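Here come two complexes built around chain A, the first alongside chain B, the second alongside chain C.
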Partner chain A sequence: MNAVDATEHYETSAHDPAPSLLTVILDTNPHAWALLEQTSRSPLPFSTALANILVFLNAHLACNYANEVAVVASHSHKAAWLYPTASPSARPDPDGDVSMTADGSINGQKDAGRQVNKYRPFRIVEEQVTSNVRQLMDLTSRTDMDNNSSTMMAGALTLALSHINRRTIAWADAHGGGDTSSVSRSGGPDTSTTSLLTRRSTTTAANDGTAEGLQSRILIISVSSATGSAHQYIPLMNGIFACQRLRIPIDVCKLSGDAVFLQQASDATKGIYMSLSEPRGLLQYLMMAFLPDQRSRKHLVLPTRVDVDFRAACFCHRRVVDVGFVCSICLSIFCEPPENGDCLTCGTHLDMGDYGAKPALVARKKKKKKVRANGTGASATPTPTPTPGP
Partner chain B sequence: MAAAPSRPFDYLESLPGTVFFKLYQQPSTALAIFRRMLPDLAKCFVMALLYLKDPIPAVDLEIWVKSESLKERDSALSILGRLHILSNTTTADNVRAYMVTNPFAASLRQALTGAEQTQSFGVLSRTSDEGSTSIGSLDEYARRQWEGVLGYMVGTSGLGIQRDANLSKGVKQLLQAGHLVEIRDRRVEITQDGFAFVLQDVGTQVWHILILYVESAEAIGMDSVEVLSFIFLLSSLELGKSYEKRHLTSNQLRTLTDLADFGIVYQSSPEAGQFYPTRLATTLTSDSSALSNPISGTLSGPGGGSNQPGSGFIIIETNYRLYAYTSSPLQISLIALFTTLKYRFPNLVTGKITRQSIRRAIEMGITADQIISYLATHAHPQMRKHNVSRSTSNQTGIPPSVLPPTVVDQIRLWQLERDRVKATAGFLFKDFVSLAEYEAPCRYAEEIGVLIWKSDRKRMFFVTRHEQVAAFLRNRK
Partner chain C sequence: MADSDEEYIGGISEDEDDSNILQGSRGAAGPASKRRKQKGGAEFELSRTWETLVEGADGTISSTVEGLLEASKRKRLLKDTTPLQRGIIRHVVLVLDLSQSMTEKDLRPTRYLLTLRYAQEFVREFFEQNPISQIGVLGLRDGLALRVSDMSGNPTEHISAIQDLRSQDPKGLPSLQNGLEMARGALFHTPSHGTREILIIFGSLLSSDPGDIHQTITTLTDDKIRVGIVGLAAQVAICRELCAKTNGGDDTSYGVALNEQHFRELVMDVTTPPASYSQKQSTSSLLMMGFPSRTIEPFPSLCACHSNPTSGGYLCSRCNSKVCGLPAECPSCGLTLILSTHLARSYHHLFPLMNWVEVPWQRASRSTACFACGIPFPPVTLREQRQATETLTKGMSVSSRYECTVCKNHFCIDCDLFAHEVVHNCPGCQSRAATQSGDDVYRHQNEIDRMDTSR
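Moving on to the complex of A and B:
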């Protein structure tokens, strides 16, 4: 009579929920962290922040046996993996890929006796992340720092996405959806395209929340200022749209200031955007707002943001603009009319008409219809926008 | 059913609060219980509250959950309460509040940050004798031992299978104590519970055995809490690594020797200085998707050579014919429990699922769900493949079943033919004064999932557990 036992009621299905993969993109720009430490009312040193993040990673790993984490550093001049990293002994396979294992070489036998009170997966993550951060900081030279105060967010996002894609395929191959791999292995070259298509459909379905698959999400911990990322506008937006398509939420935890494109990222992908007013409470913010995975989020009231900054950066000078010019062919955005009226992206000649000329005064007609004087496209048909009467 | 509780959760819940207090002293136990026993939402609650200094007002926690997910919220809170993880307190200004109870919170924090030298997660052996025991050989050892246990139980069902001789006396006694087998006239006979047991998946079986072991530990003079926390410790170890035995207590060493008989841990000899956890141990607190791991693959698969994840060997057609590509006597005798076998070839058995064969199985105490889950777990990759391709074509949102739906339905129907009356132990609430007084607790009972039956006209309802409903009624007064 176990069937009517109350515990049955709590188990939603016979199978346990699918694991989730959390990819953390950590902004490690030394400038920004130094600024945060000096100017902020409640200073948060990088070491403390990193310790908090490590506890958060452990908490994520603790939630499910099969949960995975990945950490990418978005440094001042490059994006680098913090975890998992390629083990030095690993040889690139014929494609030039290096297998990235969680079991690095640094956690060898030498410290096995010391830290015995820690769950081993936790320890491996911590040791790798801390040693890789140290390595990253050691390799950062003065010249790298002088060049820019921005951070390679777009590169880090792309790294994270490719890792997620790889893990999703690997997970689907290992659990039930193993048919796609067998098709591509057994079939000729002509079947490989179809298997790719099915694979894409399974990955999109996997992140749907209803179907079971590896649940992936990205958390960006950002400290750099907003203006820094404008020069990466295009790659960043491409990454964001890829996430949107794959239904991977991008959560953003902003330690100082506000970032235009990251707001758009979390808005487009239905992630969480939080700008911390009290950076010292980072751990509690992480535990409360960012730990729940997609399944739990269905039940929780999430911190939402109504005033999303939807401004874009222009393609010519990377300025963030409120009002700009849009190429009618390729939709590129410019802060000022391009030279000779040729679009910088697609090369189409755009007729600017009499832009900049003073609007001619036209006598009002009886029906009080407005006539737009400075139409942008002269060749275009006059847009029949019905203007409401005053 | 008087048998031992089949799920570890039921067993844990039946323990008194003081046992929990002792159990939660160990970070590994806190971590394992957090990971394995809690639903998603409860995990979120615990993690959100873990690093808070003050208790959080109940109202604040309750509005965190969307209004349409009240049921999930209440069930999460009720599980947390039953496992003594969340306690009701009041804040300074007398508001009802929740907080994570102390030994649990401290231990979980310790598990996450690693504070003191508690050695709660085992001590890795420093001697590097890596060559001696690989993961493959550990799997092989675990498979051999576990199949030996199952073979011992099923071996007497009259199919003339050689019984494995290397089972220790303790194992046999444990199986007897758990009423999985009975000894009649010096012959071992499997019981109804035993039949149900052998058809379960490996993870459930291991838990079943371990809980039997913990229960019997008291009888042979061991502290059940110590044994239980040692089991949780084992589950947090890593496969393929050897661990030191020096730090273990004598009781733990004794447990280790007993568990080695089941294939849950491996030690080259009882005197060896280190031991290896096998996959049976390390997947104890994992999810059931780890079922498709090599161990159940090898455990169920034909020879043990198939290391493909999720490999099975059974094909069922819509006409109820069953083909099983196996030569393992254990698997054949399991299939024979609910199938009329027709032919047997060196690597293949064929048979048919009939009304008689299912009824026979059900009379022995096997349920339809057990048969179905057994068939689904061991379905041939060909069936899975066929099914996945079919399920992608129609996106209905129904989880695709590996087995032909008609067979699954028919097996259930054949069981229902017998089950006309269902008995449930529980508590009846009656004699409510007004309809309003009746409705609120009734709705509450429904939300926390303990309601079985209600009658609005008679103002009565029947629940499986009364503690929370009673507390609810008290709170209203």
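Moving on to the complex of A and C:
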């Protein structure tokens, strides 16, 4: 009965299409961008790419007045928010998440004359993203980059998911979340854990169901190389399964190289994977392939990838393997049989089976010889004759 | 006090009995009437939940309720740590009764809705416990078996398919034989190294079959398919026979639900892998597995497993022969081929996210907003106000901040729940906003990796 009530409630308010939240994860690893600029035939400087992405964000905002965007930077040594940053009054944390201090006042003064006629959401997104990117780059020291050429994709994905979760809860509360949820919301710090749990389950149920909620999707703009994310295999996979459970498609726009785990991400969540052959046409790719939201995608033929690399990263050396050894208890993957046959993860002693048993061929030859010896030895055939004797 | 309570309850239960015998009806006394059916009413048990509540010193029951909540949470945590063998590949067809009898309201809200809800929970739990297994869902309605979702390893597909059933109404009579035959067809192609199981949730007391169901039972035993049935109404002889014959004479896989809780337990029991499947499988061993990549070809070619012409498929990573579906055993070299994403589904059990700790007001000034979602925290209050809020319930953070013990970032309660129940990642640790030099960062990262594997 409750479900019936809820759907009725949604239907009355769902005359205008539900807004969608687009979260862009931008790989800002300086190594990869430098490599892209130097080696490829058609160089795409980071500034141009950022300008293109901003146009794309504006296009998404323009689709529906209630649409939202969020931008996360997956940098070489940290993941940081680029767009919905906290208010300027927020002080920087001692533990270094400095990106929260969006200093809007400087930009405000500088651009005030130029951008008065700009649609305000466009302007806010543009100012915050550019100033935060600049800040991020300024704070990147040489030593940060020397040793770390990977990108914090798993962290950025987790941040993006947390934000999506927050927005989904907020949206459900604002649009027919029901009486119980609003009560538990207003309780503040003294809400009991149970009410939060139930609310959590109801929001996920609303998200799982066909009811129109906030439609979220994630777009990853990736430039880093394939094996860079091998050491983040498990967190990345956790993020991917969270997306799968929440029905959030992960779209991947790959500017250079190929990323094994991002292919799996888009395949598992039914997103779009595109490896751009001509990075200079980034804006066109973005507008044509990645702009439609989930509802319009039902009616489109999507440029999705058909051959997917399903290799996994081993737990012992973080290698990307296509044949591995798997512990039957905990399903950990190893690239070679562990020493002593003890699983490195769960400690179970594992029966090694016949892996690494090289003398398989030799043993067979011996067996054959034995068979022959038995056959030719004529010791077996005479045995029947003595038996009748006694 | 206690004595009088006892008498009072005793009186009530006697009354219930009388009314049941007199009326013999379902409805409000649903569990009681079913209890009568189960083994002739010999097992007689009432759970008096109100008796477990004990008043605290202040005259409220809040402390007991809290204890119960904590106990249930701890139970859940403990359940996760049991060393289950997740390497077993199971193939299960879930058959749901969608016939007229499911409209009965003896299970709240109705048998039908409750079955659908538990079926969704079953699918989710099943894939947590058996990450490389596969499920298919069938329905029995109008004397026909209808396909709800195909055999696959993706839980979301099944859950949405079951969810879609909510809008339809149960009607007609069920046919066990049709359902079993269709399930047998779905399990026909499954590789021999996995299990083949059928789980039927059966609310009716009859089966209108087109032919002889005993023949179907013999073919099922020939195909080594095990059948488990959860009955919702009463014991049915053919169900017991079916379970006994397909499980080698053991009919414990047939259970009749006494109430909602029992129903759930019966269904969830099936998610644990069968104990004595085979001696070789049950010893822990290192399995060699291949993670093939999906390819697509312009012209169809024959797959090695069924010799069907297909244009897409998976190439064995050792011998390059093509199989059309995963998980499978390579027909030419015998390597077990699986999707690595299926394995990865259970990894959050291996490396669980540590619980976050509550932050007292003394340390709360370090943060003003949640690290992950940016929602502002309540500002640090003065000492007098703190005293007032210190007496809040245990387990909740007074400053509504929760701290990850590894990365020392503060998070809100929503992100705490989300991180521990859905993502299983710490947003702070994964996006380590480290300010040390690069060398330190690298060592730090190695440390975290090592910590991960040690647990």
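The rule is short, and it goes like this: the second predicted complex is superposed on the first by the 286 of 390 C-alpha atoms of A that agree within 3 Å, B and C clash if a C-alpha of one lies under 4 Å from a C-alpha of the other, contacts with A are read in each partner's own complex, and residues count from 1 in each chain.
To be clear about the criterion, contacts are C-beta pairs under 8 Å (C-beta built on N, C-alpha and C of every residue); 3 or more make two chains touch, one makes a residue touch a chain.
Just so we're clear, the structure is a prediction, and the values are computed from it rather than from any experiment.
Residue contacts after overlaying the shared chain place A:R245 against chain C, while chain B stays out of touching range. Counting the residues of chain A that each partner touches, chain B and chain C differ, and the larger count belongs to C. In the superposition on chain A, A:N64 makes contact with chain B only, not with chain C.
Within the superposed three-chain model, A:R123 lies in touch with chain B and out of touch with chain C [touch as defined at top].
Contact with chain B, but none with chain C, is seen for A:V55 once the two complexes are overlaid on the shared chain. Contact with chain B, but none with chain C, is seen for A:Q284 once the two complexes are overlaid on the shared chain.
Legend: residue contacts after superposition of the two complexes on their common chain; A:V301 is shown touching chain B, with no touch to chain C.
Touch criterion met: A:A174 reaches chain B, while chain C stays clear of it. In the superposition on chain A, contact is made by A:D293 with chain B only, not with chain C. Residue contacts after overlaying the shared chain place A:A34 against neither chain B nor chain C.
When the two complexes are laid over each other on chain A, chain A has residues 1, 3, 210 in contact with both chain B and chain C. Contact residues on chain A toward chain C in their complex (touch as defined above): 1, 3, 77-81, 84-87, 90-91, 93-100, 141, 143-148, 152, 154-156, 158-159, 161-163, 165-166, 169, 188-194, 196-197, 200, 204, 208-210, 231-235, 237-242, 244-247, 264, 267-268, 306-312, 315, 318, 321-334, 337-338, 341, 343-346, 348-353, 355. Residue ranges of chain B in contact with chain A, taken from their complex: 1, 6-7, 9-10, 27-28, 31, 34-36, 39-41, 43-44, 47-48, 50-52, 63-66, 69, 72-73, 75, 79, 108, 110-124, 126, 128, 236-238, 283, 285-290, 292, 309-310, 367, 369, 373, 381, 384-385, 388-389, 392, 395, 397, 399, 422-424, 449-450, 452, 464-465. In the complex of the two chains, the chain C residues touching chain A come out as 69, 83-88, 109, 131-132, 154, 156, 159-160, 163-164, 166, 281, 283-296, 312, 314, 317-318, 335, 339-341, 343-351, 366-369, 371-376, 378, 389, 392-393, 395-400, 407-409, 413-415, 417-419, 421-427, 429-435, 437-439, 441-442, 445, 449, 452-453. Of all residues in chain A, those touching chain B in their complex are 1-7, 9-10, 13-19, 55, 58-59, 62-66, 109, 112-113, 115-123, 174-179, 182, 198, 201-202, 205, 210, 212, 283-284, 287-288, 291-293, 295-296, 298-301.
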